[in-house]
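Structure record follows, encoded as structure tokens.
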């Protein structure tokens, strides 16, 4: 039994997703929240790739490729927002940023 | 009179009756809208002319129904509306009863208009005054002429309005404005009863036309248990009693009987000619007129009859007692009016219909004369009304003294003038008409009536003596002067009528003239009474009492008693206020101050009403507003539900207050729950 | 009937809406005011055309009906039509609107154009609610009324306007939403019981609903309407709304909007749910009578004249509800008439209050006093309107009140005599508070110096209140033309309810067993319908016209009226 | 044998790094833990025969994105006061519980799956640069070009948002 069953890959993905999710929900530092989001994206990628391998088709890898690209874009914009936030509000605490529009 | 009968007035009058109402109404409209620009003479002309025109038509009508071949003329005007399928016609009817009333209303009204032209000559609101006065005549005509209860009610409320306007004529004085309002509101209490009476009759008979009711009343059987309509389960008699009592409540309001008399003394705030016309001669007798109009119904309800008689008797004595200690000349006359109206109600209450109407007519003459006389005195004495300041005015105001004296004789009955006969006709009716159901009523009303007659004689002569005889006690520097012809003329006419009208009441062998004159009108009532008496006798197992005799022989003992009583009153008044006992009244006042105060303060009835009805009502209103409306309903329930919603919203707001992370938590929890449901 | 006339109803209803758009584009000031005013006048004249088209003697339940599919798949149609009652209310609305718009010229001080737009939209909404015979259509108009009224109170009101506007809006909304639920349920029922789901009035009318279900549905409808009436204890939005609304807004509110509630009861709640209606009638009667007495008592405690008049509206509308609930021709006729009367008299009162407010900027009664000396014509008009409001005979108020009270007294309401008697105390209390108000404002001495220089009614103001005052007398003395329009509809309405429960609805028969035969005279028509004649024993009989006898117009010799003319 | 031997340790590294990220107060430490986690994840990608993605994971994520993070953290120059203190609020409790519950549910679901093993045979060049490239520039050309536009927009947007004044 040298191979690992598909379910274990998926379990790893869900575990990473859960941890990222927890970071998103529990942490108050916007940067850490953001890292949680990145982690969740990776968890999704993990699932894509696992199924890609299981079904012997490459489409999952293409999807993962796009996810990484989008994550990069998102990180850029998100971090820019964070800079703007600190500049305007002088805080990174998400509790204090509750004016959804100005 | 040949031309008159050639014209066939009965036909002409069908369209002319409305003009009795319309002339004064137009007069009121013209004076009210344009009066300010018309100038004094024109206003007088319009006002007096309108009433005189009405008087002429009324007189023709009276002539027609007295001597023509019709006893009733109806002017169909227009259909007003319908109560369901009960039509309400705006139609006017004149018969002997209403013709007499109309002649009194327009005749006395005309005289008072004449009087007013001089009396109100210094008032800048004269045009308003005459407009109101014309309005009153129009409304009163409607009241009298109405062929059904609703038209009568229109007039009924209309005279109330005119009365309100005229009592509050000098409205800048808050007390006078209040008096007007009080009159209207107290009358409204009566009108409430009147309305319910109308409704009862509608539910019972499905008609409000007097003639139809009269026709129906002939076949009434009081013990029938009703099966249909809203009175199913009642006996017919009980329903009729209810109608009669409600209507009588209306009469107590308009005619100032217990317990609603309180407005009338205050109504003296109006100009004195108004008091003469409205609050003595005509409007206040509307209740009597109404009961007489519906006599055929009252005849079927011994309870209602007894109530009317007893209330009348109690009012007569009660008001007379209150008049003892009044020092305001108009207040004395006001209480006297209340008391005399009580006599009239005794009359209609015991079935002496004609006597009540006769007293109504004579009272209209002499009381109008008295009021105008008092107005003449006030006019001469710078509007002073306190009789303690008067005295010896006979020398300065001979005409007023003479006419006032004649009228006082008439009302007190020390000499057999009209009042003597009319009042005695009532008293005779009271003790001679048997009452099977309430056997104590004849004795009671007769006894009370005698005491009231004694009191009347006393307070009237007290006032007369204090005003016109003895020496002047106040305003010594002021010289009184008699008014002009416009004031003296009506006084003499009225005094003359007060004397002359005695001929209708003479106890001739075939009954008094007035009695015979009105017999057709009251025939139905008399027949119904006879039927009711027969039924009652059958039920109680007693023989049917014979109809009372009222020829001269039967009346003589009553006359003698009445004369003695009147003379006693006269004597006491002379003794106490002119004769040797001059200091006794003061002694009484000092010796029994509580008693004197009770008399002087009218037995605290106003205060009682204030404490028992008015104050609690306004306290309730304030309580309901502050506690129930503003607090319990609005604050607690209405705004409370808003506040509660707010609280709940606050709770939910926690999840959506802009904290994005919390949104995410909510989303996560929801997603987990959904996953759990679908996957778990 | 030509198509043009068929559409007259729609034209009358939607013309104000069109005008509202035009006004919106027009420049502020004279032009927009003029367009608004003349449009409303034109609408009034066109609605008189309705009067001409309407045939009171027709047997149809509704006339001038138009029924075209709208959202066919959902069973929604553009179904409109009027009966006599809605015609009268339409006339009232179109009559009041020009007056309101004219009075707004001086009373409304800013954003006059927008006010005119709101008023015109409101007019369309009100007229639409009176003509709608499709429940969705009705509901749309019903809710559409809220928006302009909300704006009128909230934008042009006085100091506490936003609170009042929101209160008005929410209060009414809560009730209407429950009604919407009931409508949707009934919509579903139409599918169950018929071949297709429909929002049509007739479809709803034809439903057979189990009594328990009826109770709930009735409650939904009744709540919506009772808030609008407003019935005790759902009335507390009214004083606030009236006090805060500008005078023209108050006139519309009192004049027409309150009638929506009673009209709703008349048109929808009672006919749809007869069994529930009878079940809850005693409760509703009790609330109406309480409303009369309670509203009157409230008036005795007020210091603000607008609030006083608002509470008097509660009492007056209590009368209307009592009359409707009597389910007798007299009572319902009176109720309908009282709706018109209240619109005229209370509308006039609010206009007068607005004119006073313009001069003195106060609603406190204590700030006035003795004004009759200063402005006699104003005082006289006020007195006339006061008298109409307390129902003095000769004014319109009396006819309505009398019919309501007599109609409910003789009705088959359990204990109807007592309820009517209790309601009749409102007649006394009405005189108490209205005359008290009159005395405090107009009689006595002038106590405030600034009141000495008030100016009397201007020519414009005469033009505004004049028609109302004239109408007070015309309607008081000649009610028959007005009542004649509505009467056949009302009789049908009462007959329907009587069919549902003869023991509790319908005209009574006189109790007296001897009376009926002798006196029932078939409806005598003609300009001078003769009094049913009864032989008079005191007069000689006269010849009668045989022709009349044949026609059954006279039964027994009419000695009163000889036939020689 | 080798797959299992590599998978479980690397999975542990990935999860441990993630947990370290969530547990560290200082965001810089968090970022470092995340990089660690990404390396673990990249290793697992290799096991999944996705060499290109694994490489991209290291280059883009662990390299570019995380460096960007660290840059931003440095740029913002946070001091001790800005570090958050762990607090128990309804939000954290429910959030944590939700995450935990999510993991448990998914775990339950996966443990119910049939014990499917990965196929040992893979097509030629599976996960290689060439085959992924053919895929992306073939059927996925439109999304690819869209992504390029997205990146452009994101770049411009980031500049606009982050710049104090344009």
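Read from first to last, the chains carry the letters A, B, C and D; within each, the first residue is number 1.
By definition in this document, a residue touches a chain if its C-beta (ideal position, glycine included) is under 8 Å from a C-beta of that chain, and two chains touch if they have at least 3 such contacts.
A quick note: this is a predicted structure, and the numbers were derived from the prediction, not measured.
By count of C-beta pairs in contact, B-C exceeds the other of the chain pairs B-C and A-B. Chain closest to the overall centre, judged by the mean of its C-alpha atoms against the mean of all protein C-alpha atoms: C. Annotation: 66 Å between the Cα-based centres of chain A and chain C. If you average the CA atoms of chain B and of chain C, the two centres end up 35 Å from each other.
Taking the mean of the C-alpha atoms as each chain's centre, chain A and chain B sit 96 Å apart.
We define each chain's centre as the mean of its Cα atoms; on that basis chain B and chain D are separated by 102 Å. Looking at chain C, one finds that none of its residues touch two or more other chains. Contact with two or more other chains is made by residues 91, 94-95, 98-99, 102 of chain D. In chain A, 21, 24-25, 28 are the positions where the chain touches two or more neighbouring chains simultaneously.
Interchain contacts (touch definition given at top) occur between A-B, A-D, B-C, B-D. Taken together, the chain C residues at the contact with chain B in this complex read 167, 170-171, 233, 236-237, 294, 297-302, 328-330, 333, 370, 372-373, 387, 392-394, 398-399, 402-403, 405-407, 409-412, 416-417, 420-421, 424-425, 427-428, 431-432, 435-436, 439, 442-445, 477-480, 483, 507-516, 518-520, 523-524, 527-532, 534-540, 559-562, 564-565.
Residues 659, 661-662, 664-665, 668-669, 671-672, 675-676, 679-680 of chain B touch chain D in their complex.
The residues of chain B lying in touch with chain A in their complex are 657-661, 664-665, 668. Taken together, the chain B residues at the contact with chain C in this complex read 10-11, 14, 69-74, 76, 78-87, 89, 91, 93, 147, 150, 153-154, 156-158, 161, 164, 168, 171-174, 177-178, 181, 184-185, 188-189, 191-192, 195-196, 198-200, 202-207, 209, 211-212, 214-216, 219-220, 224, 226-232, 234, 236, 239, 520, 523, 617-618, 620-622, 624-626, 629, 633-634, 637-638, 642. Chain contact summary for the complex, chain D toward chain B: residues 91, 94-95, 97-99, 101-102, 105, 108-109.
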